[in-house]
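Following are the structures in question.
Heads up, the next two complexes both have subunit A, just with different partners, subunit B and then subunit C.
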Partner chain A sequence: MMTAFSVERMVNSLFGLLEAFNPIAEPYRRFHEKLPPKMQQTVTAFMFILPFGVLYAIFTILPIFQTFYISLHKWEIMGTNIRYIGLKNFERLLTRDTQFHQAFEQTILFVALTIPIIFVGLFFALMLNRPIKGIGIFRTIFYLPNIIAVTVIGLIWSRVFASSGRGLINAFLENFDAGPIPFLDQGDLATLVVAFTTLWWTVGFSMLIFLAGLQDISQALYDAAEVDGANRRQQFRHITIPGLRRPFAFLCILQVIASFQIFGQVDVMTGGGPAGNTRTIVYNIFETSFLYFQVGYGTAMAVIMFAVLLVISLFQLALFRDQGVGS
Partner chain B sequence: MYRMKALLMVAMLLLLVAMPIAAQDAAEVTFMRFFGECADEFGETTDLSEAYGECGIIQTLANSFNATQDEIHVNTVVVDWPGVTELNANLAAGTPPDIMVLHGRRIPNYASRGLLTPLGDVLAGAGIDAEDLTDSARGFVEYNGELYGIPLDLHGHLWHINVDHWAAAGLVNEDGSPDIPYGMDEFMSHAEQFKEATGLPFLGMWTNGLSRNWMALVYQQEGGTVEAEDGMPDINTEAGLNALNFLIMLRDEGHITDNVDYAASQEIFLNGENGGHINGTWVVNFYDNQVADPEGALKNYYVHNFPTVYDQPAAWAGSHAWIIPQGDDPDPATLEATLTFLRYLNDNNIEWARTGHSAVNKSVVESDVYNTYPHRQEYAEFVPSAVIPPRENWSTAFESVMDEELSAAMIGEKSPEQALADAQTRLEDFALFE
Partner chain C sequence: MTFVGADLARKRQLVERRQGSVYVLAVGLFAFIWMLPVIWTVATSFRPEPALQRNLASLLPLPFTTDNWEFILKSSQLWKWLGNSVVVSTTHTLAQLTVCSLAAYAFARLDFYFKRPLYILVLMGLMVPFEATFLPVYLLFSNLKLHNTLIALILPGIASSFAVFLLTQFFRGIPLELEEAAMMDGAGRFRIFLIIIIPLSIPVITALAIFTFLGNWNSYLWPIISATSSEVYTIVIGLRKLNQAWGDVNFYGRDMAAAVFTALPIIIFFFVFQRRIISGIAINSGIK
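And now, the complex of A and B:
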């Protein structure tokens, strides 16, 4: 039976929790006064970050370790039938599970297809980094898709690309006795449609970061280059590109991680189909854990993905460090 | 400090007053269901005769229960079909609904884990006669000889027909009813004649979810099955290959509309762009209402059992069932309130049957009212030909794996043989891992 949620009780509990510290407040004050002044500052600083540290440990660090722990078990989503099975989940995953292998390949393909988002974002940022009247409106319009929920984005574009005459594009083609094109019912096409949707949805973020990077580059550099006779292309190559290394490195890492974690678009637009052609790792994890109950096995997939992302991110960081980014 | 606390308290109290709170003395029952959201249209409806369609009827049943008594208040939580994700998440969080609608084939998965309340001993006390359930429907809610739910319906795939197109192709009897083919030769002959006369495909189905139609075609063949004697999946068989090749042949020869999802396949049929359409019992009421629409393309609607193209009739079937996911040791007061609502739902089973689904109570099935529902007699043979998916844990993955592999064969990514072999491997792996 569902009990009514009591806000009053929650507020009282919160104050009760704070009052629970009263008995230790005085002893702590005495302890603090006895410390050398420099130490007092350090301890005070640590005390300020302690609440965050505790919450971070509980809600971020602990789940990471819990993920590794669960991956070594047969563990069902409802907390039933929990049994330690060692590395059997990983053995099944790496040696027999063709669906996971296909999902892995598909995810790599998505990563490759969505990397251009960074360059499209750069292009838009360059276009919108001009002193034109009303430029703010354009910047807002270009960024707007990024604030829409992925479910809405997925629904909009699945209507646009629907395979029959119900789809906007196919309905248009029908006027010319062409089509219908099975956008979401042919493997390669569906992959491209999901990648395009992702690009449309997220390009605003790349644009925003590059825009901030562009505005960080001192105008004095361009003025000096102009005096030295550098043309626009030379300015772009020798001032703009080096000036954007940091945002570029930042976006590269974020984009790869985000592309690896692609889920919402797939869930709403294709459900992993047709024939599993758009099933990504995260969608596979969702299916395995929530629909087939095998949360232990799904978690093992998450561990593999974590390892892959860690290696790629470290590699990218090392690469950019060699190029002087972050130094 | 105290001033701030007082301010916060006042704010919170105002918030609480503003929140809709059910009457304190009414027991609350959380009712989780799919079938869509239709509160805009039926949110206030309490007269069952005004409701139609799955969503409308189920919403009105909950409304009318709340309106007819004040001891129990049912809170409806609408979830996405098939509701499994939400149920699992709530079970994991320790907040399962008090009562929920679930597909009957999923019951073994939950019952075997002790997550469902056994109902055998409590139904009689609640005034629910389990002996009144039809055998076919009862089979869906039993697990290891115990009842773990009350079926709401028996549903399955039917053949929805645009009679005007059939008449244009000369495929109607003297009384104007469709001349239903029986067996492969007659079926193909009809399909050819239809295409020649109308230029339209004979049949429609959503081609990204073929597992149910494929399964029916397997069971139509002598000895055809998807489950081996030891309970393991048996997919890669001659009957399975025949069924898949038949579907591909229909597509290749232009007798079915290709590359369509559920919504598109329905729209194509309702727009009069094919001669027939494989869809469930759940749309009979909806399609019948479409005929009344003066602007609709469907003017003359008939519905028949799933086409028989092999040796015997067989149609995929499923069941919606009420389950009580309160575990083995439920709170007695909660269970009592839930059972009162369950009895109300069961007593009104005839209302649900208006959707087109088959009723599950013998008393309803034998009633005059039930048998006069529109089109009911046209698919009277559905129940005897109903084939239910295997009662094994691997059937959880059956539809999704089969849909995917059959789709791969349909779009030419795999040969039919490879698709079935892959399906067999994947389902075996799933079954062994369980």
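And now, the complex of A and C:
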């Protein structure tokens, strides 16, 4: 009550200040009151939406159209050399640019390699979903990496896996005259290292979503099953798994979208290397636009990526719609 | 039936209490192994450079030194970057909450022309990845000569479709009677928004604020292309540039201290808001 009271006082003094505008506001108010009710609300609503609308137009709506527009041009980042070339960027991307094809394949590989994160998250959730005192702290521990910046995570794990004796694992192996294992100097290994780092970084999110899902499954179902003589395994198969269908679908879509956008880990840990082996689509866009200054070509890649993500997002929207957005 | 249920619950409790401590120990051991790289990072930041040259693989900070940390804490650059991060993320979060809650109120409570198409237009933003818009936005800031300013780090992303969606859903659930009573007293829409809707929405607004703040603090792609002068680095970008400058040969311990320094503020933030973060994650990802 106390807070509501002081909020009201603050609001009142704010409105007191606004009274200075009365000479302009008063004639408008008289005009406003003569409008039909829906028209009145339309004016009010547009004023409420205006700040959002301006920013949304500048930073989301317009840039989408500009992205398409720029992708039809040879366009250098300084804006000096701009020429309309139609669909040539796309033609080159789709038919001749082997580096882009490689980046696309690499991104798909990352998507495939990071899908297991969901299952590890499920495993963690099941491991921690027990009414034991003190188990809550492990939730915190496993989730904690997820809120830390990619530069920190990437630094730690590139140090753990550094290829020479300057990495933790190889320094450890040196003690036994073993190794060194070229974790980050060999394409396939580097890919696995980046995927594992992503797992360590983000698995806590899946875990928390599954834990929330598990808590939504009614205990009565398990009790009833136990009375009916179902063993733990049967309970898991017929109660837990169907009960987690929604969080599972949700996480799959989110994971695919996130993995398609992998950039930070790659930039920090491998710089796209070795020999372009860990270069993802976003990294390729970044390189093309800011190292080679070919924004036109970079946006063409962004358009292709947008198209792919759009298809995936349509599934996501269907999930949102289930929650009653449509009304 | 209730008797059987209670009986089962008691049986389960007994079994779990017996197995509980062993189980916690096993999970604890696993968590320890899972966190080994972090323990190693912290330990390394307290070891002197010559010792690190000889052997990296030690989980104990021996021989112990605070040299690396003294260097890091005395670095005015790191504190400056930390300050930049605080300013950017706080402003970004406050602006997003203001702008998006105003729009959400209109979509939740007012009946106006073009409401449905406009709301659909906002929701379509949910499907637009940052990659689809960031190059034109980059060019826009170039033309306005706004790169290497904090404004450039604050502005993009303020108009968040997800925030509007989440707040609209929540505002719709607030009983209309409260508003009607205030309207009887002659309160206008804006006053109702401030004294009824906002105070009643503090839980969802807090949850949104926490995740917006975290997301902006940790953002990487945009600041690394927009902020190229060390004056305006955020702490996240600053750490990256330090790593590049120091390499991993000469200042290993110092680098690790900088990494811990970068992570610490957000870890403190996490522990302050721990309950809200853990419970808010399902809400904020839109699944609940």
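Operating definition for what follows: the second predicted complex is superposed on the first by the 253 of 327 C-alpha atoms of A that agree within 3 Å, B and C clash if a C-alpha of one lies under 4 Å from a C-alpha of the other, contacts with A are read in each partner's own complex, and residues count from 1 in each chain.
Note that a residue touches a chain if its C-beta (ideal position, glycine included) is under 8 Å from a C-beta of that chain, and two chains touch if they have at least 3 such contacts.
Quantities reported herein were computed from a predicted structural model and do not represent experimental measurements.
Of the two partner chains, subunit B and subunit C are each touched by A:Ala162. In the superposed pair of complexes, A:Pro27 makes contact with neither subunit B nor subunit C. Of the two partners subunit B and subunit C, more residues of subunit A are touched by C. Look at A:Gly16: by the touch rule set out above, it reaches neither subunit B nor subunit C. Judged by the touch definition given at the top, the superposed model places A:Val7 against both subunit B and subunit C. In the overlay built on the shared chain, the residue A:Phe293 is in contact with subunit B alone; subunit C does not reach it. In the superposition on chain A, contact of A:Asn81 is made with subunit B only, not with subunit C.
When the two complexes are overlaid on their common chain A, residue A:Gly229 makes contact with neither subunit B nor subunit C. Once the two complexes are overlaid on the shared chain, A:Pro36 sits clear of subunit B and of subunit C alike. Once both structures are placed on chain A, subunit A residues 4, 7-8, 11, 15, 77, 79, 162, 166, 290 are touched by subunit B and, in the other complex, by subunit C.
Interface residues of subunit C facing subunit A in the complex, by the touch rule stated above, are 4-5, 8-9, 13, 16, 20, 23-24, 27-28, 31, 34-35, 37-38, 40-41, 55-57, 98-100, 102-103, 105-107, 110-115, 118, 121-123, 125-140, 142-143, 155-159, 161, 164-165, 169, 189, 191, 193-195, 198-199, 214, 217-218, 220-221, 224-225, 235-237, 239-240, 243, 248-249, 252, 255-256, 259, 262-263, 266-267, 269-270, 274, 277-278, 281-282, 285-288.
Subunit A makes touch with subunit C in their complex at residues 3-4, 7-8, 11, 14-15, 38-39, 41-42, 44-46, 48-49, 51-53, 55-56, 58-64, 66-67, 70, 77, 79, 127-128, 130-135, 138-145, 147-152, 155-157, 159-160, 162, 165-168, 171-172, 174-175, 200, 205, 208-209, 212, 220, 223, 226-227, 246-247, 250, 254, 257, 261, 263-264, 267-268, 282, 285-286, 289-290, 295, 298-299, 302-303, 305-306, 309-310, 313-314, 316-317, 320, 323-325. Considering their complex, residues 1-2, 4, 6-8, 11, 15, 76-81, 92, 96-99, 162-164, 166, 180, 182, 184-187, 272-277, 287, 290-294, 297 of subunit A touch subunit B. Residues 5, 8-9, 12-13, 15-16, 21, 27-30, 75, 84-85, 88-89, 91-92, 95, 98, 109, 113-115, 207-208, 258-261, 263-264, 267-268, 331, 333-334, 337, 396-397, 400, 403-405, 407-408, 411, 413-414, 422, 425-426, 429-430, 433 of subunit B are the ones that touch subunit A when the two sit in their complex.
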